[in-house]
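Please read through the structure below; I'll follow up with questions.
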Amino acid sequence: MTRKLLKKRGKKIGAAPGTLIHVGEKSEAAPRIHVFDYDQEHLDQREYPDAASCLALRDTDTISWINVEGLHQVKVIETLGQGFGLHPLVLEDILNTDQRPKVEIYDDYIFIVVKMLIYDTEHEGVRTEQVSFVLGNNFVISFQECHGDVFDGVRERLRSGRRIRFLGPDYLTYALIDAIVDSHFFILEKIGDEIEQLEDELLDDPSPESLNQIHRLRREMILLRKSVWPLRELISELGREETPMVSRETAVFLRDVYDHCIQVIDTVETFRDLLGGMLDLYMSNVSNRMNEIMKVLTLIATIFIPLTFIAGVYGMNFEYMPELAWKWAYPAVWGIMIGLGIGLVFFFKKKNWL
Amino acid sequence: MTRKLLKKRGKKIGAAPGTLIHVGEKSEAAPRIHVFDYDQEHLDQREYPDAASCLALRDTDTISWINVEGLHQVKVIETLGQGFGLHPLVLEDILNTDQRPKVEIYDDYIFIVVKMLIYDTEHEGVRTEQVSFVLGNNFVISFQECHGDVFDGVRERLRSGRRIRFLGPDYLTYALIDAIVDSHFFILEKIGDEIEQLEDELLDDPSPESLNQIHRLRREMILLRKSVWPLRELISELGREETPMVSRETAVFLRDVYDHCIQVIDTVETFRDLLGGMLDLYMSNVSNRMNEIMKVLTLIATIFIPLTFIAGVYGMNFEYMPELAWKWAYPAVWGIMIGLGIGLVFFFKKKNWL
Amino acid sequence: MTRKLLKKRGKKIGAAPGTLIHVGEKSEAAPRIHVFDYDQEHLDQREYPDAASCLALRDTDTISWINVEGLHQVKVIETLGQGFGLHPLVLEDILNTDQRPKVEIYDDYIFIVVKMLIYDTEHEGVRTEQVSFVLGNNFVISFQECHGDVFDGVRERLRSGRRIRFLGPDYLTYALIDAIVDSHFFILEKIGDEIEQLEDELLDDPSPESLNQIHRLRREMILLRKSVWPLRELISELGREETPMVSRETAVFLRDVYDHCIQVIDTVETFRDLLGGMLDLYMSNVSNRMNEIMKVLTLIATIFIPLTFIAGVYGMNFEYMPELAWKWAYPAVWGIMIGLGIGLVFFFKKKNWL
Amino acid sequence: MTRKLLKKRGKKIGAAPGTLIHVGEKSEAAPRIHVFDYDQEHLDQREYPDAASCLALRDTDTISWINVEGLHQVKVIETLGQGFGLHPLVLEDILNTDQRPKVEIYDDYIFIVVKMLIYDTEHEGVRTEQVSFVLGNNFVISFQECHGDVFDGVRERLRSGRRIRFLGPDYLTYALIDAIVDSHFFILEKIGDEIEQLEDELLDDPSPESLNQIHRLRREMILLRKSVWPLRELISELGREETPMVSRETAVFLRDVYDHCIQVIDTVETFRDLLGGMLDLYMSNVSNRMNEIMKVLTLIATIFIPLTFIAGVYGMNFEYMPELAWKWAYPAVWGIMIGLGIGLVFFFKKKNWL
Amino acid sequence: MTRKLLKKRGKKIGAAPGTLIHVGEKSEAAPRIHVFDYDQEHLDQREYPDAASCLALRDTDTISWINVEGLHQVKVIETLGQGFGLHPLVLEDILNTDQRPKVEIYDDYIFIVVKMLIYDTEHEGVRTEQVSFVLGNNFVISFQECHGDVFDGVRERLRSGRRIRFLGPDYLTYALIDAIVDSHFFILEKIGDEIEQLEDELLDDPSPESLNQIHRLRREMILLRKSVWPLRELISELGREETPMVSRETAVFLRDVYDHCIQVIDTVETFRDLLGGMLDLYMSNVSNRMNEIMKVLTLIATIFIPLTFIAGVYGMNFEYMPELAWKWAYPAVWGIMIGLGIGLVFFFKKKNWL
């Protein structure tokens, strides 16, 4: 089992809220802070060496997308948090990477936590990563657990100076969430392919391996479901919320991504139902096949056991067994045995047992 | 498995919303654009060679039904979209033929996505096709994936100049949606027949083939359910929405088609329950039958094994076995063996095992 | 399987709404039109030869209950429909006897569709029949599929001049719906008896026949459930609706029949749960019993197979087998074999396998 | 099966509402009418010979609790009903003891139907009885099906002149309902004990008897659930209803009994889940145990069948079988057979089959 | 089974509400009353010998947290209750330690009941304990069943003089509830580890022990679910309630703990689904493995039974069996037998049975 069910929380029971403790694997590498700073005409794209140097971006007129990769250095998060005036609970939630997807509206900013699915081509598996967004008046800060994301399409659009450059940070946030929802489709397509292949296997030649695969996919669906239902609520709340941080224009796009999100949920539920049906099919097919084998084997035994009995009878050593001396006794016994065998086969055929 | 679970989306993760990419099979043939242009007195029915020539229909007084068959030429959709002032997200949704059924109300038009079920008489299977409607003040544009639909009845009514010609484009849209809901009944009737036939088979003579059929029908129900629940929401929303595009008179008819839609859902759910019960019945019947066979076979073996043992005993070659020399030993042993056999049969009968 | 899952709809896909097509079995007999025309003092009860002659009842001061038995002559329905000013969709719904129970409020009348359950004493089965009511200011029209109903009690009350004669057509409609809900209790009581009897059978002596009976009852519950849930909505809507056609006094009675309806639903759901539990019980009991048999049979075989092996050993024909010449070898071998047999039985007993 | 699923309704289909027919067992004994008539200072407790003599209590200043035990004499109910001005439907519901728990608010009184659970120490089973309350301005009438109830605690409190004497009839009604909810806990505790004991049995030594017990308890839960969900609605409605008959002070106590009621529901649902899990456990354990036995038995047979074959070979009577004449052939064959036996045992052990 | 399903209620059916009866194990030790009395500058932490001496804390300006450990001396609770003006129903609920988690808003105080989960390192099991809070204007009283809790983190924060000292008793209550919710995560992490380990076992080597473990964990989930759903309602109600006792600032923190609570619920439900899937996997794997063994064993028997029959035939003692005298008969029979054996193996291989 590659995916852990729960991440260990470092927080002690009863510790103060807002205690900043990183949850997840430790790493020595410094977190990467990459910034897109843009307005309609200019785009400045660079990497910052530390968190403190980003803070100036708060008071510029341009829109800034500050992307932090790596949460293991609590200091970095703390500096950004204080610089941008974030609530201690927000910082705690950013670091606690086992959060439930949610949105929280504060006076100056909106805090969003979502789960990103990344298809790991190397291990042929799905990797989940928590991404937190802080959407302010002229900035978006995104926090990722480690390097590698699904935002390359968004970056390209920013660079190519399209519509995304003419709209505010709320549209950028929408674009990032949209990319995350799209990544779900990508994963679901792969899983859909696996399910279809598995279905063919089940009808042709069900193996114990298929069973484990069904189990693995069901498990995947259960975990996916856990992260995608709150995503729906989140987007719905974001679009409904009357806040100056989300413009009416972006709300139309949020409605669109909401529809996609419902479609993801429908698909996950449908896959669950299908996998449940496939388990039934597997069990029934295996049991049918097994029954077939056992039936044939038992029939063979059932035919030969009476014959062996007859042979046993004439293997007895009694002195007075008149049949033994008869000339045609031996072929006659053969005849009886063959007749009995054929008779039993016919009987079983008639009973529809063969 | 003939029906694919998910269609491949061409869209790259993170691509801009409104990116027009056709999803589905490519085709060389040009899309067919067929137009009914009518008012109470006149009906003009013709095919247009390209999308651009339709645009004039937007500003006429007559009602136009523009039916586009084939979505593989993105250019056609784009031309119509710009000509009739459609939102880029609408165009994206038209092309993305794996949409969830939905309705979206815009200022000038209503956008509707539904799934049409077509019974393919050639392959004896059900084909699903996405149909999108754009309902404007004096036009309805419908987009189908390929040739062949369930609208022939509506076309006939248009030609024969009945009530449908006296009412607006909202009534035409209702008529088209009604035809789609009716097509669900048509499919459900066929499936209902299959279920009844299968039930008889299960009671008479359950075969592994029945199992696969139950599985196939359950799968069909799961997929049908996925498309029919949102259809209900859609019609409900359409009838409730206070928009100048849907008249009060049409709302009465929408209430009627809403009732039909609920009946479709009820039937799908009922079929699911029935198929679940049939799977139980199949499993129990197969297991009962198998048990019966194994029981009889094991009984036969159990009767003959002790007899064979007795025969074996008197096949031993000890020098001092007094019974061997007795005159009536051989018939006596026969007697014992027959007696034991009959005794066992009676014992099993008494125990109700035979 | 006696009850069809779906009735064939005659309507072509895409046909105009309000197209009158009778669904169900054809019959040559003319529909019977029976009328109770009454006020507090008088009661006129007669049969009308055709629909046209009833139309005069619309404008009298008395209350008229026009009961139509048989829907196969579309003409009759059409005449009544036009005479009493019914919407074409209402007429279509009356004829389409596979409707979902529902209520529709029009300006001048209320249209109600319900399912009546009739216990067919001849075939010992349940028959479902659609009954439609049109409740107007001074009339109730009821449409039944064929002869035979559950309204005899209501007819008697009308004749005996009790309270029902002092109240309006809304009370009459209530009385008819009440009779239909009562008929559900009647059926459920019969099914409850069957379930109790089946439970006793399952504990005493489960037979494959019991399995089919459980399946049949579950199927009945699934179908009953499909018709009884919408009945609840219907009555609730009827009692809630603020319409001059339903008086406040009748609303109290509707609340009562609503309670009964919920009780029917509770009972149906309870029966479903019970039947689910009984299926589990059946399966477990059958499997327990089978295991018991197989265990005993296998034990017998297991005891005799080693004994037969020993007999086989001394049936070998080697020249140098010293035991064969010993005087006490034969009884000794018997002793060993009996000892081994008894030992195995004890071993199995100790292991709790016998 | 001791508890009937449904009581036979005496009412004919279509009979007038308010027709008074007693449902349940007939009895010759006269119903007992017992009255507590009290205010803060006085308490008068006596039995009344007939219903008519109670009617005077309606117009006194004191609070009267009129408890009727036995519903088989319709006349008694009718007299009380007319005397206290009850609606005919209320009287019908009192007599029809298969009602769903419910509350109905009338102008002058509140009508409440609940189910009382009584643990029958004699038969070690649960008995259900319908209790109806009519709560008026200065009286409470309670109707029980037969003698024996759970109200002794309330009676004691009345006699000892505590708070209950200082508060109105609404508080008395609360106290009676509270006693009924408490009686559910009493029953649930007994069932909880049974479940725990059963769980231990299942882990130690599952017997077919355990299966029937699980089934019985599940059945009990299904029936309990049917009566306890409406009880919750009832209490909630009673506490919410703005009526002069229920004071604000009593509403606080109703909130408390509501909490208890939810706890009963939680427990019933939890028990259902636990029993479902126990059935799975039972089935798996039985199947595991059976498999274990069959495996060992089959292994024994599998070891001896090849050995018997070898013995059979040297029991053949061919003239030219050189081995038969060899001196060490016999011990060699023994050696081969023992070696083969041990080899098979090792092979099975290595395969983890033993 | 260590955890009892229900605690015995001491209360008699029908006893007056507010009757104080301790539910749970009796103990001789006096209850410990430990008090933190603090404001921003001072902290007084001491143990009080009896309840009466605490009452003075009610009228001080400082905030007091009175923690009572042990409920077996009803007198203590009564004294505190009267001293702090608590409703009798509140006192009853404090003592009845089988309460459902709930919140009740009174005029002067808020009463909260929750369940605390404590991991018992000694017995490696989970222990549940009811904790009740009374939140007043300047005090919090907490009642625990026995010694040992999850509040040490909170105590440390109080002592170290951090934010918690600057905020009111509502924040203290939040901190205590937060610690209880955190303790759920702690338990869930342990259970998550167990589930993952169990999953590995199921795939590698399913043992009957695994089955019991799955059952135990499912049981734990069912019971956890019962206590955690009402916890969610409770926190939601507490944050929503407009009462002077809960400040707006604390409400933000309650929203945070609400999110955590939902995450606990999600995890519990996910674990339930996973355990359900694991049971299926276990059953299928065991059945597959068993089938595999039985198949091989039956194949061995099926191969040797016909061979034994042949040997039996030539062990017959007929005088006229020409084969017996042939020189090559014996090796020929060996050849036939070996050939038949190999043939059967090939046949089974071809049929995919081996």
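Here the chain labels run A, B, C, D and E in written order, and each chain numbers its own residues starting at 1.
The rule is short, and it goes like this: a contact is a pair of C-beta atoms (placed from the backbone, for glycine too) under 8 Å apart; a residue touches a chain by one contact, two chains touch by 3 or more.
If you're wondering where the values come from, they're calculated on a predicted model, not measured in any experiment.
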Seminar exercise, completed: Whole-Å distance, C-alpha centre of subunit B to that of subunit D, is 42
Exercise. Rounded to the nearest whole Å, what is the centre-to-centre distance of subunit C and subunit D, using the mean of the C-alpha atoms as each centre?
Worked result: 26
Exercise. Using the touch rule from the top of the page, what residues of subunit B touch 2 or more other chains?
Worked result: 287, 294, 298, 301, 305, 308, 312, 315-317, 321
For this session: Examine which chains touch each other and state the graph shape they make (line, ring, star, complete, other).
Result: ring
Problem set entry | Ring of chains, enumerated from subunit A in the sense that reaches subunit E first | A, E, D, C, B
Exercise. What part of subunit A is in contact with subunit E in the complex they form?
Worked result: 1, 4-6, 8-9, 11-17, 87, 89, 93, 98-100, 102, 104, 208, 211-212, 215, 218-219, 222-223, 226, 230, 279, 282-283, 286-287, 290, 293-294, 297-298, 300-301, 304-305, 307-308, 311-312, 314-317, 321, 323-330, 333-334, 337
Exercise. Quick one: in the complex, what on subunit A touches subunit B?
Worked result: 150-157, 162-164, 175, 178-179, 182-183, 185-186, 188-189, 192, 195-196, 199-200, 203, 252-253, 255-256, 259, 262-263, 266-267, 270-271, 273-274, 277, 280-281, 284-285, 287-288, 291, 294-295, 298-299, 301-302, 305-306, 308-309, 312-313, 315-321, 351, 353
